[in-house]
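Chain naming follows the written order as A, B and C, and within any one chain the residues start at number 1.
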Amino acid sequence: MRASLLPYWRLLRAGIREQSTYRLAALGGLVANATFGFLKVAVLFATVRAAGGDLNGYDLGAMSAYIWLSQGLLGSVNLHGRSDFAERIKDGSVAVDFLRPLDVQAASIVQEVGRSLWSLVPRGIPSVLIGGLVVGMTMPTSPGPYLLGAVSLLIGITIGAAVVYLVATAGFWMVETRGLQILYMVVSGFLAGLFVPIALFPGWLLVLAQATPFPSMMMYPIDILSGRVTGAAALGLTAAQLGWLAALGLAGHLLTRAGRHKLEVQGG
Amino acid sequence: MSPIIETRELTRDFHVRDGLRRKRIRAVDEMSFSVDAGAAVGYIGANGAGKSTTIKMLTGILVPTSGEVRTCDLRPVQDRRRLAREVGVVFGQRSQLWWDLPVRESFTILASIHALSSADERARTDELVDRLEMSEYLGTPVRQLSLGQRMRAEVAAALLHSPRLVILDEPTIGLDVLSKQRLREFLVQERQTHGTTLLLTTHDMGDIERLCDRVLVVDHGHLAYDGTLDGLSRTVGAQRVLVVDLAEQTPDLLGIPDTAHLGSESRGLRQRLAFDAERTTAARVLGAVSEQAEVLDLSIEEPDIEDVVRRVYAASR
Amino acid sequence: MADLAPYRAVLASRIRSQRSYRANFRIDLISSFMVGLVELAEVWVLFHNVHSLGGFTFAQILLVFGLADVAFSLADLAFGHCDNLPTYIRAGKLDVFYLRPQPLLLQLITSDISLRRLARVLVGVVCVVAGLAVNDIAWSASTVLLLVVSLVSGFAIFSAMFVWAAGAQFFLINGAEMTNAFVYGGRYAATQPAAVWNRPLKVVFGFFFPMAFTGYLPTLEILGLPGPEWLPAWLAWCTPLAAVWAWAMAMLFWRIGVRHYQGGGG
């Protein structure tokens, strides 16, 4: 590995290790995932049944796969908008970050991704297992969707960290970013397809959702993993994800520069 | 005079997880002592020796594992709310003020929390503002205060309801020399005018020297020393050091009364003189130095309390 | 009656300080309003796909959503900051509460109030009004009485949930998501047509955490609908009992939590 990438690799592992110490938190998260999951099963299954067993291509098995995959990703895709970086801007420790010979944006995102990846172990995978064993679900039988799905999931998690990083940079100019964070929490969850798959949205809302990076964070990886979208269409979704990631990375880079400039000129 | 604090075989255990096993740690171990009303007691010991735990039991935050404790003739846990009217506590590390409000407003809220009449509130606030020199920043939000200003506001907040007993946990931590000095002077005055009892923990020997007439040293939950400061000084031979920066290179200042020359730097531009606070004062030493050389700057190194504590521990074992 | 002046003094100052950051307060109000709106949208999207769900049309579920959401957002306004207890414990702020001559729980509850959540109450109120207007309701004195009783009891039930969660936090430092599952999961459940629940969910969110009492059962009774297995409409009149039960549990957890904190958790 190139020496210049080594620090980021270490940061990723630090994120994973850090998260792995919060065992009670992970158990709490799993309880939350499962409880919300069963409530979603109740209401979404009733909706599929009310639609005569097929709701825009979702039968009970496919709906169950959507529900438990989305619950499993809840701890990994940042849909709450809080981040260490936001805290570090608020308490001023970001000045120290700028002194390090690392890209602040990349370092912050990599660490968040590390935490997210770990959350798959105690929260993500068990949630899917609970759903599979207690409720049952339809999952693909060939390896293709899982491989591409894993890639798509990794990109999705990274997009989440990149958007939350953008939200945090607002702290360079605003005293209090909590309102913005709550706004992000509400909008991102809904448009990422956390409560209802976006395929069930009315046309105009679907277009609106697709014009944001939020479905790339959760809905697209789920569509690919569950085998709902396959082949060229699945590659298309992954390409869209990569496009969003590049755009968000660039935006974050520019805002970081502007924020750093503001700190240097006005001293925070 | 009846004691304002009385503990008998006061004991407190904690359970901590050590890997998979649960381990019992005794933070305070059968401690018995009493403090008379009006006294000023320093409570010192290494980190983790049991100081905070004791304070929490005295104020009703923690329940003792065994033994008895009475504060202001009340049972701290059962009578917590009555006790709160008699005791004021200053935690150096945590704030009782409202972070985003002006200082004045915190005082108003606390006055209403302690049900002060508006006349009492005004009189007491005026007194504290005057004596702690807070008038210029009364309208400033707490978060914008310097540490020294905030600490004075914290002390005022804890004393607003004129408690009989004031407990100070590390009140001077992080303060500059001048702020420490002001705070100590205030506490001495407060004690003189109101007969307030003081109990303070500190890492600063200067706090003990200027404020306390009795010292308790705690070691692993046991009392290792209980007596006067004189006795403690004699036990450990605590000395303070005056460091002077001089205008010109000067030969070693050997003849200053009641001092020992510790060393010179930069060919005599900076010199260090140890003196015993029992026998002379920093001012007198400085006066004698000024007669021999022009002093540009000075600082005083207090005896390291960790060192004092270590010596007490060594002597008591 | 205890002297309320200290609590009033704290709350008044909290309100002043929130309104003093005007720009932030405006963004807070907007995001709070969006929270309510998006939660309504989650329900609406389902009804966009099917005509009726769990025996309810969208017009009917509007009333369930409105009643539950008004009760929840008012409770959130007054009690929501009880969620901060773990932060208070870590920062030593709880110890400061111990040094004041008021009961701990009352100090915690009155230590803050989140005015921004008023915007969310607005969404709920609009839903209740719309729900009452568009549905065919046989109005009588008892309908009005039931509405008032349900809103007051619903507020009490959700408030109790926050206190219950705070009590549990004494044991669960870092495990807040466990209680969130039932506090916020409970809110989610309360806005659903409970007929779609299976039996375990009815036990958990129908009775143990009496969420069905905040919106679903009163709506059944007001609209004159029979109600599903285990949740007959007449239970709507037992909503105050559900509130008493919720508070009994909340106080029990709070007591145990405080004892744990004083006894050694710290």
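Note that in this section a contact is a pair of C-beta atoms (placed from the backbone, for glycine too) under 8 Å apart; a residue touches a chain by one contact, two chains touch by 3 or more.
Computed from a predicted model, the values in this text were never measured in an experiment.
J.: Imagine chain C is simply missing while all the others stay put: what groups of chains do you get?
T.: Groups after removing chain C from the contact graph: A | B.
J.: If you tally contacting C-beta pairs for every chain pair, which pair wins?
T.: Per chain pair, the contact count peaks at A-C.
J.: If I average the CA coordinates per chain, which chain comes out farthest from chain A?
T.: B
J.: Could you grab the centroid distance between chain A and chain B? Build each centroid from C-alpha atoms only and quote it in angstrom.
T.: Spacing between the chain centres: roughly 50 Å.
J.: Rounded to a whole Å, what is the gap between the Cα centroids of chain A and chain C?
T.: Chain centroid spacing, chain A to chain C, equals 28 Å.
J.: Just give me the whole-number Å value for how far the CA centre of chain B lies from that of chain C.
T.: Whole-Å distance between the two chain centres: 46.
J.: Please name which positions on chain C make contact with chain A in the complex.
T.: 21, 23-24, 27-28, 30-32, 34-35, 38, 41-42, 45-46, 48-54, 116, 172-182, 185, 188-189, 192-193, 196-198, 200-201, 204-205
J.: For chain C, which residues count as touching chain B in their complex?
T.: For chain C paired with chain B, touching residues are 3, 5-6, 8-10, 13, 17, 91-93, 95-96, 98-103, 262-264, 266.
J.: For chain B, which residues count as touching chain C in their complex?
T.: Residues of chain B touching chain C: 13-15, 56, 59-63, 77, 80-82, 84-85, 87-89, 91, 93-96, 98, 100-101, 105, 108-109, 112-115.
J.: Chain C touches which residues of chain A in the complex?
T.: 22, 24-25, 27-29, 31-32, 34-36, 38-39, 42-47, 50-51, 55-56, 174-176, 178-180, 182-183, 186-187, 189-190, 195-196, 200-202, 205
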